[in-house]
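Both complexes below contain subunit A, partnered by subunit B and then by subunit C.
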Partner chain A sequence: MGLPAWSRLRIASQTASLILGNLYVRGWADASIYTGRSKMFCIPGLHCYSCPSSVLACPVGSIQSIISTNGFLGGLTTGRSDSLVILGVIGFLLAIGFLAGRIACAWVCPFGFLQEMLYRIPSRKLTVPAAWRNGKYLVLLLFVLVLPMTLRMVPGAGGDPWFCKVICPAGTLFAGWPLVLIHGDGAFQTGFLFTWKSAVLILILLWSVGSKRPFCRVLCPLGAFWGLAGKASVFRMRVEDSCIKCGKCRAVCPVDIAIFREEGSPECIRCGRCIPECPVGAIRHTAGLNGAGNDSGE
Partner chain B sequence: MNHRGYLEWLWLPMILLFLIPVAIHVSTHSSIESPAVQGSLITGRDGLDSLLSEAAGKRPVIVNFWATWCTPCVAELPHIDRVHSSLDGAVLAIAVDIGDPDLGSLLDFREAVTLSLPVVWLDEREAAQLKEEWGLPDVLPVTVFLDATGSESGRALGARSEEYFLETVRGIQPPDTVTPVSDSEGLHIVVAGDPSDSLTAALLDAAIELAGEEGVDSFDPSLPSDREELESRYLPLEGMPYAQPCIGTSCGRISRTVEDLTSTVNALTP
Partner chain C sequence: MHRFKSGRRLQPSVHRRQGSVLNIPLPVRIALAAAAIAMMVSGYIWGDPVVIWQKAASICLECIGVG
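After this line comes the complex of A and B, so read on.
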């Protein structure tokens, strides 16, 4: 295959992340969930805590789980440890975001990797309107922050992780479906939510065949978070004045952006795929505050 | 706006569509969350033993030890109740109140909260005897899991989620015996009492010494807002002054002397 070295390296990184994040292979045989110490740490990507082989937690799931506890805000102000742990998760995500924006989407996230593989299937390809990218900010605000923190079905009890419950296709694929397949749906009382989430997953997988990483661009709250932090990131893409605006960068971009039009875009996942594609070598990585650092290209 | 303009805005209804399952889930779950019929209230050790022997050999049992003043316990109970009611008799959950010497506290609680699972109340003597027999720590909530044969398969300290209980009774994850927090870092103490009272002051000093100023909340019962806050936490408005230490989702018993508070905190932070 004619894949550039950079792309091969990225596929190797995504594959390695998938393997390293799923070292508890016994979980599939035992049909159990790993609950060891490594679950205190988050994988920089969307990967369900409840996946039988997962040895790391999901940052989006962790955030919802922490902020949905009863008295979270009070605990934060009084320094309760189960509330303060949110600072660790947010700090971890911000560190990645300020360093290199959505870089983990390109190099680590297993669900992003899956969508990229699906897009390789020959089919009619569809573009996604640029305005749809706003969707993920609303998902972050509504389903990850506001609803888990405020919606209480029982006074005095905690809230629910609504993004996980009604949207997350990674959770359905890596945890919901495998656990139901192993245990049977009787054990899990698969009801309306399971059916809904299965439909969401199937639609997203089908959409991924026709469009580039649609979930990452339209729905992913982690991408929204890193995209916002990435506006001020140290490591980013830079386009020189020598750019001839031929559009070859957009053609190969996994998130379908024309970097010459959107330099510093919160959508850019720093995959570097556009660098070797540029016929005039106008696209480079740059590292430094406000993007005015040392350049490095291929 | 032409059709292209509408297409640009399609993302908004697409995201809002996800509110439909939220609304459906909340409306259908609320009926389970707030059962119309209050579960039975059983008093005394004999009642608990007969419930356990009835289930032995037939179905697993979740025995949850709690008290009305234990805020994490109160938050946890609806989760256990949902597991109890949603599994349609496949699992029995029992809430055993071992921290309210006065039955009136539990009766008041049941005026406000409806639970479908059976609730057992034990007086001080029976509670102490049961704690010794079962080897229960001075921390609430504690949940003991019994398998279908009636043997203990594990226990959990501190409040847990509905998912945790579901996964544990289905054997997806083993019940752990790990204390959620085992150091004094997250120690938080509520002190309730008249600030001019010397015993309140002594409890407050001891609490600050144990948990630091930031780890202590003090409530003056003469202030309506403080009484309201105590009520919302189901903490007693009688028998003040007292102090209640909690770490994360585990709470120690209500302590009315400095010595008692110190030993309760020691039990919380082994």
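After this line comes the complex of A and C, so read on.
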């Protein structure tokens, strides 16, 4: 059975994003990474900048590397240029979030794409408890913001990018494994951390076979950021009162939400998959022009 | 209006929505998006994007899991 046109369009977009973000294919052949100036700019998704073919920077990695420098907060207040650049990265993420919430999760992010492909593998499917979704806010706060800014393993040195270091499965998949494989064992002294990150990645890949986009829903700090900003986004999903709550929207939703119960949910990735599935046409995209400000559900 | 195979009709339901969108008027939401775009542009103009470039253009050992 063929995929609906909407799904084909989204797969095309995800594939195009994957290709455009990885134009430096030579990196795979000569075991190097791209060093061009396009890496000043971030990709709207989770994609490691140490991936051999990546031509853009990872927004989560960029935030951590900027705020973990010594004297970051002081530099921000005195207007030091290496601190002020954080406004560029945060502004980029906020702009996407305020315009369309988590839309990049659905249409751009390579790691989200991979999880969706894995979920197509026939297997026993499991739901993710709703409370687990809060995990990503903790990851954003602790591993992306607080620890890199405050924890110093070596006194006087800069902080570490803790999310990249202990969690990020995209870094392990797109950079860690390929670079270690290409360079061989001797080039990098792989130890406990590499084993740990490999285990995290394998766990998430296996989980993705059984559950819908588990990393995006439970651990992704970008999803947390865009989900929060998306509460005030211009572009959003709207459910009309003609909804019959049949649940077909949830069955096809890549993040497993029943949009009629959770309109405006920070989990919604604006993929639009539920729109053609609704038997009464009650779900639609809106830019808020119709009935703006009357979305309280009363 | 939707009909089931049995012919039974369903009345439109007025449902309570959890996790509703914030009740923010559209002009304010547009202003927020515009402010974010301005923040991004000012960050790249007044800040030093070379900081991002330097990090992104060298192999990130922490990302790989060996740093």
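To be clear about the criterion, the second predicted complex is superposed on the first by the 288 of 298 C-alpha atoms of A that agree within 3 Å, B and C clash if a C-alpha of one lies under 4 Å from a C-alpha of the other, contacts with A are read in each partner's own complex, and residues count from 1 in each chain.
In this text, a contact is a pair of C-beta atoms (placed from the backbone, for glycine too) under 8 Å apart; a residue touches a chain by one contact, two chains touch by 3 or more.
Only a predicted model underlies this, so the values are computations on that prediction, with no experimental measurement involved.
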Clash-or-fit label for the pair subunit B, subunit C on subunit A: fit
With the two structures laid over each other on chain A, which partner does A:Thr35 touch: subunit B (first), subunit C (second), both, or neither? both
Contacts for A:Trp132 in the overlay, against subunit B (first) and subunit C (second): which applies, first, second, both or neither? first
If we overlay the two complexes on their shared chain A, which of subunit B and subunit C does A:Ile167 touch? Say first, second, both or neither. first
Using the touch criterion from the header, give the chain among subunit B and subunit C with more contacted residues in subunit A. C
Looking at the overlay, what does A:Leu151 touch: subunit B (first), subunit C (second), both, or neither? first
Mind working out whether A:Gly79 is in touch with subunit B, subunit C, both or neither, as first, second, both or neither? both
If we overlay the two complexes on their shared chain A, which of subunit B and subunit C does A:Leu193 touch? Say first, second, both or neither. both
Considering only touches as defined above, state whether A:Val218 meets subunit B (first), subunit C (second), both or neither. first
State whether A:Ala175 touches subunit B only (first), subunit C only (second), both chains, or neither. second
For A:Leu142, is the partner it touches subunit B (first), subunit C (second), both, or none of the two (neither)? first
Look across subunit B and subunit C in the superposition and give the shortest C-alpha distance you find, in Å. 5
Between subunit B and subunit C, which residues of subunit A are contacted by each of them? 33, 35, 79, 81-82, 165, 179, 188-189, 193, 196
For the complex, give me every residue of subunit B touching subunit A. 7-12, 14-15, 18-19, 21-22, 24-26, 28-30, 33-34, 71, 74-76, 78-79, 86-87, 113, 161, 167, 170-174, 176, 181, 185-186, 188, 214-215, 217, 232, 234, 247-249
Seen from subunit A, its contact residues with subunit B in the complex are 31-33, 35, 70-71, 78-82, 129, 131-135, 138-139, 142-143, 147, 151, 153-154, 156-158, 162, 165-167, 179, 183, 187-189, 192-193, 196, 218-219
Subunit C touches which residues of subunit A in the complex? 33-37, 39-42, 48-50, 56-58, 61-62, 65-66, 69, 79, 81-92, 94-95, 97-99, 160-161, 164-165, 168, 171-172, 175-176, 179-180, 188-191, 193-194, 196-198, 231-234, 236, 239, 241-246, 260-266, 279-280, 287-289, 292-297
If you look only at subunit C, which of its residues touch subunit A in the complex? 1-2, 10, 12-26, 28-30, 32-33, 36-44, 46-53, 55-67
